[in-house]
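Lettered A, B, C, D and E in written order, each chain numbered from 1.
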Amino acid sequence: MLEVRDLVCGYGHLVAVHGVSFSVKAGEALAILGANGAGKTSTLMALAGHVDIKGGSITFGDEDVTRATPMDRCGRGIAITPEGRRLFSDLTVRENLMVGGYLRSMARAKINLEKVLDLFPRLKERLHNRAGSLSGGEQQMVSIGRAMMAEPKLMMIDEVSLGLMPKNVDICYEALDKLRSTGLTLILVEQSLERVLSIADQVCVLDSGAVAWTGSAGEARGNPEILDAYMGGAH
Amino acid sequence: QDSVKIGFHAPLTGFAAADGKSARQGVELAVKEANAAGGLGGKKIVLVTYDDEGKPENAIPIANKLIGQDKVIMTVSGSYSGPTRAAAAVFQRAGMPYISAYAIHPDITRAGDFVFRTGMMGEVQGRAGAKLIGETLKKKKVEIVAVNNDFGQALTAGFKEAAPKFGLEIVAERTFGMADRQFGPLVTQIKADNPEVIYAPGYFFNAGPLVAQLRAAGVTADVIGQEGYDGQRFIEIAGKAAEGVIITTSLDRDSQAPATRAFITDYEKEYKDRVDMVAASGYSAISVALEALKKAGSQDGKTIRDTIRQNTFETAIGKLAFNNLGEVKKAVQVQVVKDGNFHRYGVIDDLQYLAPPER
Amino acid sequence: MLYIELALQGLVNGSMYAIVAVGLTLIYGLLRVLHVAHAGLFTLGAYITVLLTNATGSLVAGTLISMLVVGIVGMVVYRLLYEPLLAQPPYVALIASIGLFIAMEEGYRIIFGPYGNSFASTWLTERVTLGPFSMAAADVAMLLGAIVLLIFLAVLMGRTRLGMAWRATVTDPAMARSFGVDTIKVRYGIFFVASVFAAVAGSLVAVLNNLVEPTMGDVPSYKSLAIIVLGGLGNVTGTLLASLLLGVIEAYGTIYTGAYLDRDAIAFVFLIAVLMIRPQGLFGAR
Amino acid sequence: MLPTLGAYEVSLIVIVSVNVMLALSLNIITGLCGQVSLGHAAFFGVGAYAAAVLGNLGVPFLVVLPLAGLVGCLLGLLVGLASLRVRADFLAITTMGVGFVFVGFVRKQNWLGAEMGLSNIPDHGLGDAGFVGVCLALVVAIALLSAYIKRSWLGFGFATVADDEDTSRTLGIDVAAYKLTAFVVGTFLAGVAGATYAYFTRFLIPGAFGFGVSISILAMVIVGGVGSIWGVIVAAVALTLLPEFIRVVNDYKIFIYGVLLVLTMRLSPGGLAGLVGQLSASRAEMPPRSAGAQP
Amino acid sequence: MNVLTLEAISVRFGGIAALTSVGMTLKQGELLGLIGPNGAGKTTLLRTVIGVVRPTQGRVVLRGDDVTPLSVDMRARRGIALTHQIVKPFRSMTVLDNVVFAAGHAKTGNVLRALGTRSRSEETQRARQLLELVGIDRYADANPNALPLGALKRLEVARALATDPKILLLDEPLAGLNHIEAERLADTFVRLNADGVTMVLIEHNLGQVARICPRVVVLDNGKKIGEGATRDMLSDPAVVAAYIGKEVAHA
């Protein structure tokens, strides 16, 4: 489904990720872990087309999308829930979600909207509020919902549980798990090890912009010390 | 030295660029003609031109530069009151004769005895307007609609001062901005005020749309303008509505005076454009300067100043002489728009009544 | 009666403001830039219309070509001026825009001369009479034009997905792109539409005044800034209402308070008073 | 040092000084404290008119200078109070409105000469050399004051207010006091510049303090590089003298001025200060403005 | 002794009742947890304490003084500091300067005082210590735009600490940190608390809440639904139903 080879990317002269490789099969879930500043967000944003790619290649399906525009990637079925949510803060919750379904027909968008609202009933009451006025957790729900509205084949979520209450984290993971059974591929950046390992098939640990460890989720569950070694950051 | 330098400044850019261009063309034509006629005692006349953008603070370095760097022997202003008033003080201090072509501010000549004006003062022209309406047109109910600047204010002041003498009743007094072209509300109000005559100081770019909109709204009262209207542009903008508009100005289109006829034909030949009041004023102002230089036979400021004072000058805008203050004494031309052109309507030469102040 | 006629005249002026200002508000909404050079495009529209109409004899042809050309010039301005400055603080683009406006006005003066141009024949004499009221045909055209164009825009922006996409582009272009919105097309599109509006306004004003001059954009340049702020910056409906309101206030103001303040000052006293009470503008959200 | 200067140079020095003072004064409000003002000419004008009125009452020039500044900052205080209500572009347009209201008001005031202006401003009595000396001394003093403020904790506070006033408040900053201080200091200096102008032209008309003047002052600040003191000074000098030097190309000079503004912003959006910054290799790359990265 | 008392605070945003008559006390030296579902009103409550949000009803009482009418900066001057849930660094200055500025709070309280002083050396030193304390000293000279989210969260904490607060209001400071980083920062809070800083901690990371907060207040839908020892609250059926979900907290 997705094949990342020797990805190098960064900001201006600064290289944040040097030579990361991994691949994800359709319907699989990959967890990307690592300390603060390890390059997780940079990797995801590069996959979404928002960070300068300086080297390596990204293949999605059978096609090379290394140089594709974000729009193009969206058209091919890649959606993102970015770090910091990045909602359209002046638009209402409903409008935010509808922008998520921009490339889908109006009818499908409406059906998907209902699905998202079923998942996060809290948003029903806030449908016509400015997204910028929502609480942190509510914003996270909109951001996840917005990505779902795009009916992606590959969904990337940067810190799923950020600001979500435990109950919502569970709801979210259950929903993702269900979507996975319909063929959705997931890349999850997550801080809460326990949660992510319960859903992920594979794990990729980054350290200082490079892959420090990869393996199956089972292996990782088995010996958490391996992971812990890379989680402390530069101290 | 085989040349004589004369300074000139005008608003070549900025809000008054149209008048700046006319003034410049008038002045350049006069210099060209004078050089063709042998210059000043064999010396070539060189015009040093600066753009003051209509800003007082620009006029001061320009004046200083003309005096100190360019070493001109006298200067003509083709500009508005702001720059002219600011520069006048500098020329006065340097003892260099300075002639303002058409700025209307009363304080310009009060800068001192080196400063002259060939144009009409605003007050004087305002009085002429009152006389025209009261005596010649024999109308009574007047509404004043004036442009919101020194020009409009000075004319209004002169007009109102003279109005009682001619038995005029001012039914209302209104103003509009320099930049206004849309007079919908004003026209509606004027219609309701129902005056016999509208005295409307302004420029062609205000007056053209104003007169057109007045007529389009069915207002038939006479419109009396002044030298701000004076140019073909006014008639082009207002179209048919311009017919019958009467103005007080300096230039008599139907004059048979040789100086005037020559100016009109030469100007139209040179610039493929119709003359206007500003061009005529610029032309006349520099004519006075050149004539005075010739008569003085000296480049000394004081001598030139005295020559200007003591003589009478035959110019495109008629015979000019100056009073103690340096203000011009001349007749006011009254012109009317007929068949798409300005024509003579009359002359107000009541020099006693129209006399400019002496102090 | 007089009051109503004054109000009608105010609405005519207001609709002229509206057609100019709505383009400005669209662009503000898009880039958070006060696009002063918009008024330069307004003047360009007027020039093209007057020159082409005099050359071809057809006002319709002149206006249509003017709309097209100015629309394209608007896109070029975006491409060359604003796009490279997207990442800069907004006042950088503001000064660039003012520079462009100055250069445009001077360019018109240098090319077309300072005196201004007029139509060979005028339409001003045509009048429309409705019961006790009578207005110039061009005034009516202005009024109707404004209403139609602006309702169209308000619906487009507020009710359609395209409008939503446009507004999404405003808050976070990168994310909008990630959801399939072609932000580049959106930007060109908005500049095109806004500039076409400027051309329409310029052409109408040219007809109304029968005078096209290099500096005719001066008043719209600052007055429309006031209007879009009054309307709540970026709010299309607010801009429309603020324009009409300001037109009417100026109409009464010139008649009843003209002796104490000039027309511009009246408008701005109103603006300041409103902002002191509602800092987000009449129709702005906080 | 002055005997070699002619009257022309003197007048240029004075005009340049007035503009540098204006640009530096606006730089305190806009550059340091982040409050964009499109109506700075109003404070300039208030100072100029105050100076003219005071001068006519017989107050000596050197006393008029600070008094004109005080009158300028009285209006500045009012507008500063407005800045506590409205923000960002709303403030910019409000200040623009203040500019128009000021001019519109003066136009109708007979005691200020209305449209005819004030033309009887007395001589400063210092002679050319003395006047130039005062101008230069003012410029130096204002530049030093600006530089000092920028380095002080006050300037640090201004920078945070400019950046994000709400957050600044949660750190204990009395944002109102900071903004008012910026307005009071900036408009005081603009008033002083106005007095200098009044004694220079000795003729005031309302039109000399219009919107165009406000714009050109702001242009000096931004072309110089917002907040940079030397940059603003250089830009003020350059933009004032530019039309003077390109008088040769008379008809095109304003056109060139406009084009240069566009090009400067296009090629060096950080203004002169930014340009120099780019050239000095040591400087780290400017981070891009995060476009709505955080809601 | 109660340092802070909230008396029947109600907050409405347009038609939304964000808080309804919430009362609460904070004791000197306490480390209080504030938990509750998304949108419960936790952030709003802390914003009411510092004054960013004005309550429609109720009073905020600080050490016996009613501070409800006081402005945000005056409350900050009385020793309240807040870290923002949605990070708000000053983006025009370096990470270090963000903290230096906060550390200069004694100099910036009065405009004249601020004008009179220039030296920043003490504050710089203090700021460096704080950056080290929260573990982001390596970013000291970077621009906040270049920081990963986890570092920005910690910058919020360092900046708030720099004002030497008596009451520190922490809005999800651990979000965006992995379990090791979170534990380390939580330990820092405990240490600061031991040094005398009273704290309120909003967190969804219940593991850490359970570990470091002896007492919690639970909000739901703008109302207080519980208050008491953390252990009890986390197993309270109402709290579990509204907040934690099916799974029992792994505290």
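Basically, contacts are C-beta pairs under 8 Å (C-beta built on N, C-alpha and C of every residue); 3 or more make two chains touch, one makes a residue touch a chain.
Worth saying up front: this structure is predicted, and the values here are computed from it rather than measured.
> Counting only C-alpha atoms to place each centre, which chain is farthest from chain A?
B
> Quick one: which chain's Cα centre is the longest way from chain E's?
Using the mean of the C-alpha atoms as each chain's centre, the farthest one from chain E is B.
> Please work out which of A-C and C-D is bridged by more C-beta pairs in contact, and write that pair.
Counting C-beta pairs in contact, C-D comes out ahead.
> Between chain C and chain D, what is the separation of their C-alpha centroids in Å?
Inter-chain centre distance comes to 30 Å.
> Using mean CA coordinates as chain centres, what's the gap between chain B and chain C in Å?
Here chain B and chain C have centroids separated by 36 Å.
> Take the average of all CA coordinates in chain A, do the same for chain D, and state the distance between these two points in whole angstrom.
Once rounded, the distance between the two centres reads 50 Å.
> Distance between chain B and chain E based on Cα centroids, please, to the nearest Å.
Taking the average C-alpha coordinate of chain B and of chain E, the gap between them is 74 Å.
> For chain A, give me the residues that contact two or more of the other chains.
Counting only residues that touch two or more other chains, chain A contributes 11, 14, 84, 86-87, 89, 139.
> Pull out every residue in chain C that's touching 2 or more other chains.
106, 171-172, 174-175, 259, 262, 264
> Residues touching two or more other chains, restricted to chain B: which are they?
13, 148 - these are the residues of chain B that touch more than one other chain.
> Where on chain C is chain B touching in the complex?
Within the complex, chain C contacts chain B at residues 2, 5-6, 9-10, 12-13, 16, 106, 109, 113-116, 118, 121-122, 124-125, 127, 134, 136, 139, 205, 208-211, 213-216, 218-219, 250-252, 254-255, 258-259, 262-264.
> Spell out the part of chain C that touches chain D in their complex, as residue ranges.
28, 32, 34, 81, 84-96, 98-107, 110, 171-175, 222, 225-226, 229, 233, 259-262, 264-269, 271-272, 275-276, 279-281
> Which residues of chain D touch chain C in their complex?
36, 82, 85-87, 89-90, 92-94, 96-98, 100-101, 103-105, 107-108, 211, 215, 218-219, 222-223, 226, 251-252, 254-255, 257-262, 264-266, 269, 288-289, 291-293
> Chain D touches which residues of chain E in the complex?
Counting only chain E, the residues touching chain D are 50, 52, 71-74, 76-77, 81-82, 84, 86-88, 90-93, 97, 101-102, 104-105, 107-109, 111, 113-118, 120, 143, 145-146, 159, 163.
> Residues of chain E touching chain A in their complex?
It comes out as residues 13, 16, 36-40, 42-44, 85-86, 135, 138, 146-151, 172, 175-182, 184, 204, 206, 242-247, 249-250.
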